[in-house]
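Just dropping this structure here.
Chain lettering (A, B, C, D and E) follows the sequence in which the chains are written, and residue indices restart at 1 in each chain.
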Amino acid sequence: MLRDWTKYRTTHPTGDLNKDHPEYKWAMAIDLDACTGCNACVVACYAENNLPVVGKKKFLHGQVMHWIRIERYWNDEDIDIPHQGAQFMPMLCQQCEAAPCETVCPVGATNHTPDGLNSQVYNRCIGSRYCSSNCPYKVRYFNWYNYPEQENAWPDPLPMQLNPDLTVRTKGIMEKCTFCVQRLYEAKSKARTEGRLVKDGEVTTACAQSCPTGAITFGNLVDPYSKVGKMWRQQRVDLSKDVQDKDRDGNPEGIRGYRVLEELRAYPSIMYLERVRDTQA
Amino acid sequence: MNDFNKEEKDIRDDIAWAQINKDVLQSIEKPRAAFWYLFAFAGTLFAIGVGCEIYQYQVGLGVANFDNPHMWGLYIASFIFWIGMSHSGTLLSAILHIIHADWRKPIYRFAEAMTTFSLMTAGLFVIVHLGRLWQVYYALPYPNERWAWPNFQSPLLWDATAIFTYLTSSMLFLYVGAIPDFAICRDNAEGWRKNFYTVLALGWMGTDRQWRNFRVSYMTIACFLIPLAVSVHSIVASDFAMSQQPGWHITSFPPYFVAGALYSGCAAIITLFIMLRHTFRFEEYMTMPILDKIARLTFAIAMVWTYLNFIEYASVWYGDDMFAKQVLIQKATGPYSPFWWAMNFLGSVLPFTLLFKKIRSNLTAMLIISLLLNLGMWLERWMIVAPTFSHGYYPWTIDHDQWPSFVQWGIVLGSFGWFGLLFMLFCKLVPSVSMYEVKEMVYHRTLGRKHLAQLREA
Amino acid sequence: MSNINRRDFLKVLGWGGASLTVAGCGYTSIESGVETVESYVQPQDFVVPGIGIYYASTCTQCEGGCGVHGRVREGRILKMEGSPETPNRGRLCGLGQASVQHHYNPDRLKEPLLRQGGTLQPTTWDNATALLVEKTKGVGDKFAFLTGPLSGHLRVLMQNYVESLGSKNHFIYDPLAIKVNRSVSEQMYGVAVPCYHIDQAQLVVSFGADFLDTWLSPVHFSTQYADFRKANDSKARGVLVQIEPKMTVTGANADRWIPIRPGTEGVFALGLANALLQDPAYIKNVPSSVTAAVRGYDKTRVSQETGVSGEVFDRLLALLRARTPSLILSGPSAEGHAHGAQNAAAIMLLNFVLGNVGKTVTAPAKVPFPQMAPADGDTVALNTFNEGLAQGRFQTVFMYDVNPVYTAPEFLKLRDNLKKAGFKVLFTHYRDETAEEADLVLPLDSALEDWGTHIAAYQPEGVTITMQQPLMERLYPEGTRSLGDLLLELLKRRSPEEYKKWPDYYSYLQDALTKNKSAFKDSAADDGLFWYQTLSHGVLNVAAVKEQHLSAAPGALNVNLPGTAASDQEFPFQLVPSIRSGFRDGRHANLPWMQETPDTMTTIVWDSWVEIHPKTAERMGIREGDILEISSKNGSVKTQAYLFPGIQPDTVAVPLGQGHEAMGRYAKGVGVNPFKILNPVFEKTTGELARYATRVKVSKTDDRVTVVKDEGWSPGMINTQLDRKIVATMAADKVKLFREE
Amino acid sequence: MLILSPLKRNCRYDISAPDSERGARRGKNLTRFLCIVRGPLFVHLFAVSLLYVGSSVFGISVAVAGNKVEQPIEFPHDIHAAKMGINCMYCHTYARRSLVSGIPPLQKCIGCHQSIPSVRDKPRIKKLFEYWDKKEPIPFKKVHDEPEFVRFNHERHIQRFYFWQKRPVQEVCGFCHGDVKTFTVAEKVMPLTMGWCNSCHQKDHLINNTSSETGHGPHDCWDCHK
Amino acid sequence: MSTLRVLGLFNDFDAASDAIRELCSANLPTLNVDNITIKSPIEHPDVESLLGTRPAPTRRYTLIGAILGASLGFTFIASSQGNWFAQMKGGKPIIPFPPDFVLTYELMIMWGVYVTVLAFLVCAGLPARMKSSLYNSKISEDQIGVMVKAEKNCIDEVKKIFQRHNALKIEEEIVERRRRER
């Protein structure tokens, strides 16, 4: 321990991406101008990640379990007749580099993986729910009930659809979007056997794969040739900044990239591209 | 000098030491009937709580009607409340002990007991609130076959450590302070009680050697307890202050919490003071002047709390944290507003009634006021926890109508029952007035009078 | 797990057992000798336990006909992904994803049911098939077959079967048919379903065509939409204008959403045409007759008839002038009126005026196999079928892929008429409303267990035949059967020598396709290889498709649009029975995922609702969650109110698909069914049911409920971002353009 | 917790039981103890000083590790692995390609055994062919059954230690599965607890047999937990 | 010559202290100040001071305990954070000082208190078996006892002194035999 003391004293993000994450840093770019709010990603997530269907009564109590949700806001200006349509927002775990949820977990059930993911170990969780109360985006979902057993969320033969690559979570456990870590794991393992790194486009999340307009781009930020990396650089969004340089002077050249609630200094790994509306129309 | 005579005495100094033993020891044998009514009442409440907990345990936390934004509820609020309660015990027994305010002597014993038991209650809430409480041992730092340690960065873990320290220390403090009284009980009791007290008294004989070390160590522990008590509630405060949520992320939280703690504690002491005075016929020892002193103390602390409270509001209002400001506004105008205003009224306005001698010397009035103050303090804790959840950073999950279900209320009630049971059992087994210290008090008063007489002659 | 036949199921797919327990039931610690693990008896060499395999197939959830890849693990189909080789370009919508839940649905029928003594009793397949043969003996024209839209070889077999019985009564019914659009395009363009090139348009003006969510081929259009929206320095970002009474998902994504008085879309379109045709640049695009016909639809008249302000009208006009090529689409809400065809014609006319025809509207490739070509349904079929029943002309009735008892409006009295038929057979997956009326209910294989070929009605890129193949073993091998096999068997009974060479539907398909494999692009010489390729790709592209040309015939248009209906005192509101992409005509209502997924616009789940404009609601003193009674001349429904700004103030909208009385645990008793209260208004030229022409009155009841929805805040609050930067919006002219990499 | 634990039992999906239960079921406490005392010096001291805590928590008992499992066919590993010297991966063919090593398909057994007439009349072989004729899988019982929230990847370990380090296969597989040469039916001899895995994961191993470069197993929760 | 123990019970502290003063001043042979013990219902520093300064060393142990708690606490926390399982949390260092100081502080107090209590018991000779018969339940009530251990010859003198200061009760026991057995 004393030998490499400095290793234990570093903080993230250091500003040098390759130093923080030598191999992988999974990240997303979501184009809000392409997102039509069709909910394909939501269903894909249910299918991939064994999310329980909670039913009307529990939904009423706000106990729904969707890891990714489509939010619909209205414009404050034309509230009577929304001439510019609605505003859609796919909100999922932002996999923050400095995640507020990680530090507060009493048992360390949620940590930061070398791939820059915000891991959640279901088995370790004791359900203090501190992580969720500290999450600015409120994208962590808690198993208020024993859905598989007592609530019978999967009557036979529906359990046959369950994905064996993840557990079915029981009551009292916090869960959240994992960037489909089971897919990432498979791809990494395959690449490793072939003695290489995962190539761009080789693996993607369920939501990104299903999105009909391809609004969601997923990839490895460290990989210089990855699409997502290009987009981040193009939009001049720096993972390790809480105020982007382009925004300091009011973003005159109109670059669309931004991150939600960036000023909270959680350094989220999901970049959104601003929705566009034509003022002539 | 003259006013020393005029001032009515907080204890009769001609009261015989043997009498003290008699009075106190009888409290252990035969209290008034009221005691048993209270005991039954506490039992019922506790039973309700247990029922709710079993239900919640089997079905899941959903039955408490939590949801995505509202992750915590009454459990955490009550947790803070009980931690707060515990502080006044330390205040009376340790702080006043160090500054040699000897009017504390008749009442500090039960205050100290209150500390211990309210800490036990608070500890229960931590567990009740867990989603998988059967896994709580994951949070214990013991070497295990998983090779996984708890996360020492989490304020919750600091809580656990601090509370454990506080609980054990104040228990030891309570016990050490009671050893001479156990000796008295030993010398006067028969039957199983004799053996019981013999064990507890550890063969105390009141030799000068014992007294000497007793004095020193007791003082030392007292010195430890004071910073400990302060740190405990600061850490509880940091559960919130160290998080990122609007309305929680406030620098002035730790002192604010400590003040609130002492406040609710003093109020609780008044309540219990009056109850014990009645049920155990302690009119001789828990005298009105002492009550008067506590009342004044309470008022002082109430003012401190009010001040810090307004500091908090002001810092939010004049700060540029839009989110926190929205929470504050929503507290004052949203669905929580009745509770919020009630809390401010009970916490800051009601104490002014304590300015009036008439009220201070009226037991019924004091009982009611102290209960109301406690209610106010409990509301304060709730108003810290709930509104932030209902109006956090993220607009989509902002949700103003989620109220605790009967399960939460039931368990909160149960906690009062649990506390009541423990406390009353204690009073039944341990002299709730420290006999030897009352003797000291009387003795010193006698000396004081002698000394005065000599002065007069001269 | 399903004890019914897990054992046999495992015989072939051994590892299923182990991984089921792994997925389903968590064991708590390191076990030894507790779980059973079953190995394969004879594994295929490409099967490795723990590694998923993808099989290509076709999604049958809607008429889009997207290709899919199904992920199979240890013999269980786990997830559907889009196939990159079909027009959906590797994408798949939520409804497509949910097809696995049709397959694993707990309420699927597991055995044939026969009505005995008034109730449906389980029976055997032999018994059932025997009955089918007996009841169809010499029925001739007294036989009717009501089906949903069909294509591919199933359609061939179906026709052969109906013909073999000597009947002409094959009715193809689609409750959400866009027949009007097709017939008008037939007149105007010369083809029923032209190709629309959204991605090449600079401006898309859609009159209620919800092409992003429900219209024709949503996923394909979404992929086009993505390109359409992309701005780079070679191409400007396309602008979308949506004109409709109730905001659809497409409307929600429009740069300009224009609420219009229902039914007056045609007037608006003609107004635009008229204004454009003042400009010589456009006059040459259309014959003078048209110019004459549209004269008189001036701005003032248009705006007072449609309720759209002149200012908005001018903006749109300017856009149309500025941005070419553009694309004008006519959708259901414009066509679902008595004069729907004329609305559609008027709207399509704009494409001619603006010279889009041939640019953004082109002709599709012709399907070389007419007998396999998609047979799209309409509602006229239901009417005629219903009349037939009413007159007792039908003695034996077969029904497949339809639920008329649920989808037919009340005024048709279909439920009663159905009783007049002697013997009613339903081929289905669920015990739905129609099943409750049928005499024999035959459970079919799920779409993931069955073979088939499909040709989508909308063919954007050449002609593609998509293969449907089983993604896993039958869940209920004894219980369910493939309709193809069944038809073949029935046909064999009638003409054995013709059909005996095909033991089952699979061999029939293989034979049929392999025979004319020459017709397909780069198909292997070797039959086996060809078949292997076909299955592994799941799609066949028809080679050398015959080029068609649009017969530009706007002259066919004869416009005499009615003025606005005099305001109806008794029924002041126009009802929009909106389509939810998750439910369509209600056939998907028993999918838990679809019920749990919030509606995009209202975020409401597990229920129906009536959308009403906040201003109107305020006027009538309606709060969110009030139970309103929506009553037309032909009935009424009661459901909760939702204050929705995206709707024209004199209009209320109730979504279709809910309100089932049967079908399954998730669908039954949830919400209301607005199909029932539709008025008998029919489109004049086509005779289609005018779905959007029903007028209703809204009355408040005393009940009130909390609306179950995903959006937060307090009830009735219009959900905004509270000055936080959650969804940021930028003006199109400010956006920095990047060259596509 | 003790009062409540009986209630807990009826929750089948709970994905981790108290260690006391595990320990009670079968003790591998020696190894557990080793797990404790490795690592930082202070942890060592602490472990010794707090051993009684440990013992109370994961109930030390002297039960021998591993227990015989009743199998439908007593597969003689000793004959196949020791006498015949067959490579483990000849039968457990999925181990190098997938997370699971897999019970060999029935076909595999038959493939050889139908050409070995000498043992055809042995009872076990008779049974085997009965299953084959019925085309039924043999309902073997899992011997090494990790909890379902654990993702143990055979491929990775085989790749690393067999293909890259070129260690003998018996040693590689045997590290976790014990010396199968001595078993008929396989037995669980190693604890397979998290601490046991860690005890190896924190060591530095050679990357391959050519270079002297070392590296240790992943420290990422999500590599083993799912 | 045998040694005896004498216990005199007095009504109040004045009498007791006078008696002690006289005992000391009477400079009897074989009577050592250290052999005088006071047994009282309440603590009374003034009287004890008559017997000269006697040590109360618990504070020393307290200090040791506190230091031990702090140092071991920090080492334990840091090393368990630094063991292999450690992963970065919220971008914070794996061994972050602020939280560790909080915990160290708590552990310091914890050990401080525990050790103090232990020290008290040890120094005060508790728990003690009350083998000496020279204890009277009156002591725990309101009487002050002065116990003197001395040789036989001056015991009578001691008794006299006690009586002179009107002791309410005088008890004595022989410790000689016990010593011989040892």
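Heads up, the rule we're going with is that a residue touches a chain if its C-beta (ideal position, glycine included) is under 8 Å from a C-beta of that chain, and two chains touch if they have at least 3 such contacts.
Not measured: the values here are computed from a predicted model.
Among the remaining chains, those touching subunit B and also subunit D are A, C, E. Ranked by how close its mean Cα position lies to the mean of all protein Cα atoms, the top chain is A. Distance from the subunit A centre to the subunit C centre is 31 Å, each centre being the mean of its Cα atoms. Averaged C-alpha coordinates put the centre of subunit A at 64 Å from the centre of subunit E.
Centre to centre, using the average C-alpha position, subunit C and subunit D are separated by 51 Å. Along subunit E, residues 76, 79-87, 89-90, 92 each make contact with two or more other chains. Residues of subunit B in contact with at least two other chains: 69, 132-133, 135-136, 147-149, 151, 153, 157, 393-397, 399.
Under the contact definition stated at the top, the residues of subunit D that touch 2 or more other chains are 12-16, 39-40, 43, 46, 147-149, 191, 193, 198, 219-221.
Touching chain pairs in this entry, ordered by label, are A-B, A-C, A-D, A-E, B-C, B-D, B-E, C-D, D-E. Those residues of subunit B that touch subunit D in the shared complex are 54, 57-58, 132-137, 142-148.
Residues of subunit D that touch subunit A in their complex: 11-16, 40, 147-149, 151, 153, 155-156, 159, 219-223, 225-226.
If you check the complex, the residues on subunit E that touch subunit A are 78-79, 81-83, 85-95. Residue ranges of subunit A in contact with subunit C, taken from their complex: 32-34, 36-40, 42-44, 46-48, 50, 53-56, 59-60, 64, 66, 69-76, 79-89, 148, 154-164, 167-168, 170, 206, 209-215, 230, 234, 253-256, 258, 260-261, 272, 274-281. Residues 1, 4-5, 7-8, 10, 14, 16, 18-19, 32, 35-36, 39, 43, 46-47, 50, 53-54, 57-58, 191, 193-196, 198-199 of subunit D are the ones that touch subunit B when the two sit in their complex.
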